[in-house]
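Following are the structures in question.
Okay, so chain A shows up in both of these, paired with chain B first and chain C after.
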Partner chain A sequence: MNPLSELQLDALTEIFNIGAGRAASSLSEIVGDEVKLSVPCVQLYQSTEINADILSLNSSRLGAVKQSFNGPFHADAMLLFTEDRALEIVHDIMNSQVGVEDVAEFEQEAMCELGNIILNACLSSMADMLDVTLNSSLPVYSVGTAEVVLRQIVSESPSLMLVLHIDLNIEKRHLQGYLVFLLSSSSLQKLLAHIDRFIAGI
Partner chain B sequence: MPHRNSIKTLLIVDDSRVSRMMIRTFVLAKHPHWILIEAASGDEALEIVDRDTPNYCTMDINMPGIIGTEAAAQILAKYPGISVAIFSSNIQQSHQTRAAALGAKFVAKPVTEKSVAQALDFFECKT
Partner chain C sequence: MNSITAKNGFIPERIADRIWDSIKSGLILVDGEGKIMLWNDWIAQHSGIPAEFALNHFLGSLFPEGLTASFKVALKNVLQYKLPIVLSNALHRSPLPLYPLPVTQHMQERLQQSIVITPIVTGEEKHLCLIQITDATLSINRERVLKSHSERLSQEAITDALTGAYNRRFFGERFTAEFGRAQRQNIPLSLIMLDVDYFKYYNDSYGHPAGDKVLISVARALKSQLNRPTDVVVRYGGEEFAVILPDSGSEGSQIVAERLRAAVSNLNIPHRESKIADRVTASVGIATCQPDTDCNMACFLETADTALYSAKHGGRNCVRHLLTSDCGRPCPPGTP
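Presenting the complex of A and B:
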């Protein structure tokens, strides 16, 4: 399903790419190296359509950072990465001060921070460009099998999911993940009304 | 009627149609007689530059195909007279350093009246 117009999708992708650019700048300062982060594609799904195959998340375990956002519309935002790669990123974020064997201990904190940076950068970009105010809850990190994490998302979620593919490269490590926004259809309509107003103002 | 020499050609390179529309709007507000050409990728920009040789170019970084800094490097190697402003939300030092090394102006996204004015000031200083 995709009730979004080409221009609405273009505007959303650009808003999230600007957010991704800001997040990459922050992450680059943390790891002291170049970080590439982009959102090549945005898609809308019914939450019942989502499964590990659609998201190409072939790893058995997923790490998920979740935050709620409130403003003119409500969304639960979730960052999903395969867990084995998430641990490598945690190691980079911890600036190699922690041995690889101890890194799991810091996983929760570091992944919350990573999620916080990426999610807030995307949402602050959206707030600035659409001229709205969005407040966020604290990030919560959970790990589980892909099946359990995705089933939990689907059961909790309102009807629609805006799925952003994310490409993250830190210190030559390549990580693909997803940023998923769970929205009710009324929240999606409010978001699209703001997008239309933004496009009309150009 | 503007003086013929004051009519400049600007190539806007960005994979986002919305960003191209915004740059177009802000530029035309200041320079209604400029000729604006658009490209949706670095590869398309390289073709256009060979055909139309613009005076100025705004270049996004993250695009499908070759990235904007690479496209800018190729354009400037071939046509050093073209002024290039690199627009990106990715304000990492490495990108800013690369832009400076190319002799291009780095401008932080989002596209706003202010960021477009920075690019236009740079273009005017160079001419």
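Presenting the complex of A and C:
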């Protein structure tokens, strides 16, 4: 596997930070308060290397919002976060709206929507910057222990994982999560080809 | 048969229309400019706007109250980026002016909605966008029923089925909590133990159903004497009741205890087998834990028991009080 060059990593980080900015402004509209979202770091792993230690998501239940997308390259995009912290945020948002009751069944749908906002923002930013068209499935939410969720990811994974660290600050709460792209090495090569073209075009 | 099979892989239009209209959720198809191309029966019924009225119009122009900002942004984003969007019920409630059937808009609350907007990729240049609306009301109601059941079950789990007083399980939790609070805030805490006199003889003489009625009356009488919501009556065991009195010292707790004793006596329930009265009476023991005294919960309970024991041996139908520091018996080890 060719590791990503410094330049390629920088370009990816930039693309995803633009996506994060878009997601933050959509989230701000829903929350009615300032939301900060950033992607401080992007890393590439073999899926077999991934475990709860590497992602520092130990000893907690993980929530995962997944969308599969395709276009010139295809991948499963997955937002991972610790469930209890994410639920706190959902509760905060729901409480900040008038007349909202605590309805457990809809928390998951709300999580799906928040994940969808972040994933779509990153995908659309990628589509814009790389000048490609991407199609995506609807988001699916799942939850489980870190071990189970990660094992599932690794078992379906086509070998490579692009891991983005995500920092979300929302109504005085801080949430760290990961945006993971699972992709085959041929899809990665196609993505990198587009990245290189993007870098060359700057 | 032949007439309804797919031709060249396409379902004939008239059948497709019937399918849209049979679907039990709302379907709206709009083109790249936001003009309506499909408006199924469900959406026509719940909006009160027939399809012939809606088709070829802009979605926003159909509703005098307009569309919510988040809905407009979502629609624009789907058309621009061709990525599907979820508008959850939890965060948006009722984005579209849709109502339960029959639709009489002025009288009604909007329908609770869960919305999904997906891009429809056609081979051609133009972008379409499908809006699916599901009625979330049923799920919300179901959730409400489950919630009220679970509240009822939680209440039952801490209630004594016969008397309606709290049960021993609740006592354990509340007493631990109040004991901790008294220690932290340096305030007194009193515990009353009350036992119905010669209850076994009452049961033997009048039968268990009558005995049960006595316990119900006693519990009701005890509750009627307590004014503060923090003072709770617990059925501690067979004919024994406990009352936790937070922030009550020796003096206050003895006044309450005397009231409780009198209330049982004033029920005027005849008891021919009682050796001390002609009616049902109760013996009452109180323990008070003063601030800044060395005490643990086990010791506290033991003191209340000792006080009750002394009321039993002091002629019954009376009140005895002890400070935890005066308890003659050796304290059992327990949590501090």
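Please note the rule applied: the second predicted complex is superposed on the first by the 189 of 202 C-alpha atoms of A that agree within 3 Å, B and C clash if a C-alpha of one lies under 4 Å from a C-alpha of the other, contacts with A are read in each partner's own complex, and residues count from 1 in each chain.
The rule is simple: a contact is a pair of C-beta atoms (placed from the backbone, for glycine too) under 8 Å apart; a residue touches a chain by one contact, two chains touch by 3 or more.
Treat the numbers as computed from the prediction; the structure is a model and nothing was measured.
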Side-by-side fit of chain B and chain C on chain A, or clash: fit
Touching partner for A:Val90 - first (chain B), second (chain C), both, neither: second
First, second, both or neither for A:Ser136, with chain B first and chain C second: second
Contacts of A:Ala200 with chain B and chain C, given as first, second, both or neither: neither
Contacts of A:Phe106 with chain B and chain C, given as first, second, both or neither: second
Residues of chain A touched, compared between chain B and chain C (which is higher): C
Superposed arrangement, angle subtended at the Cα centre of chain A by chain B and chain C, nearest 10 degrees: 120
Least C-alpha distance (whole Å) that remains between chain C and chain B when both complexes are overlaid: 14
For the chain A and chain C complex, residues of the former touching the latter: 26, 29-30, 67, 69, 90, 93-94, 97, 99-101, 103-107, 109-110, 112-113, 116, 120, 123-124, 127, 133-139
Chain A-touching residues of chain C, taken from the complex the two chains share: 69-70, 73, 77, 80-91, 93, 114, 116, 118-119, 121, 136, 139-140, 142-143
Residues of chain A touching chain B in the complex: 6-7, 10-11, 13-14, 17-22, 24-25, 28, 34-35, 37-38, 40, 125, 128-129, 199, 202
Touching residues (chain side chain B, partner chain A) in the complex: 16-19, 21-22, 25, 62, 64, 88-94, 109-110
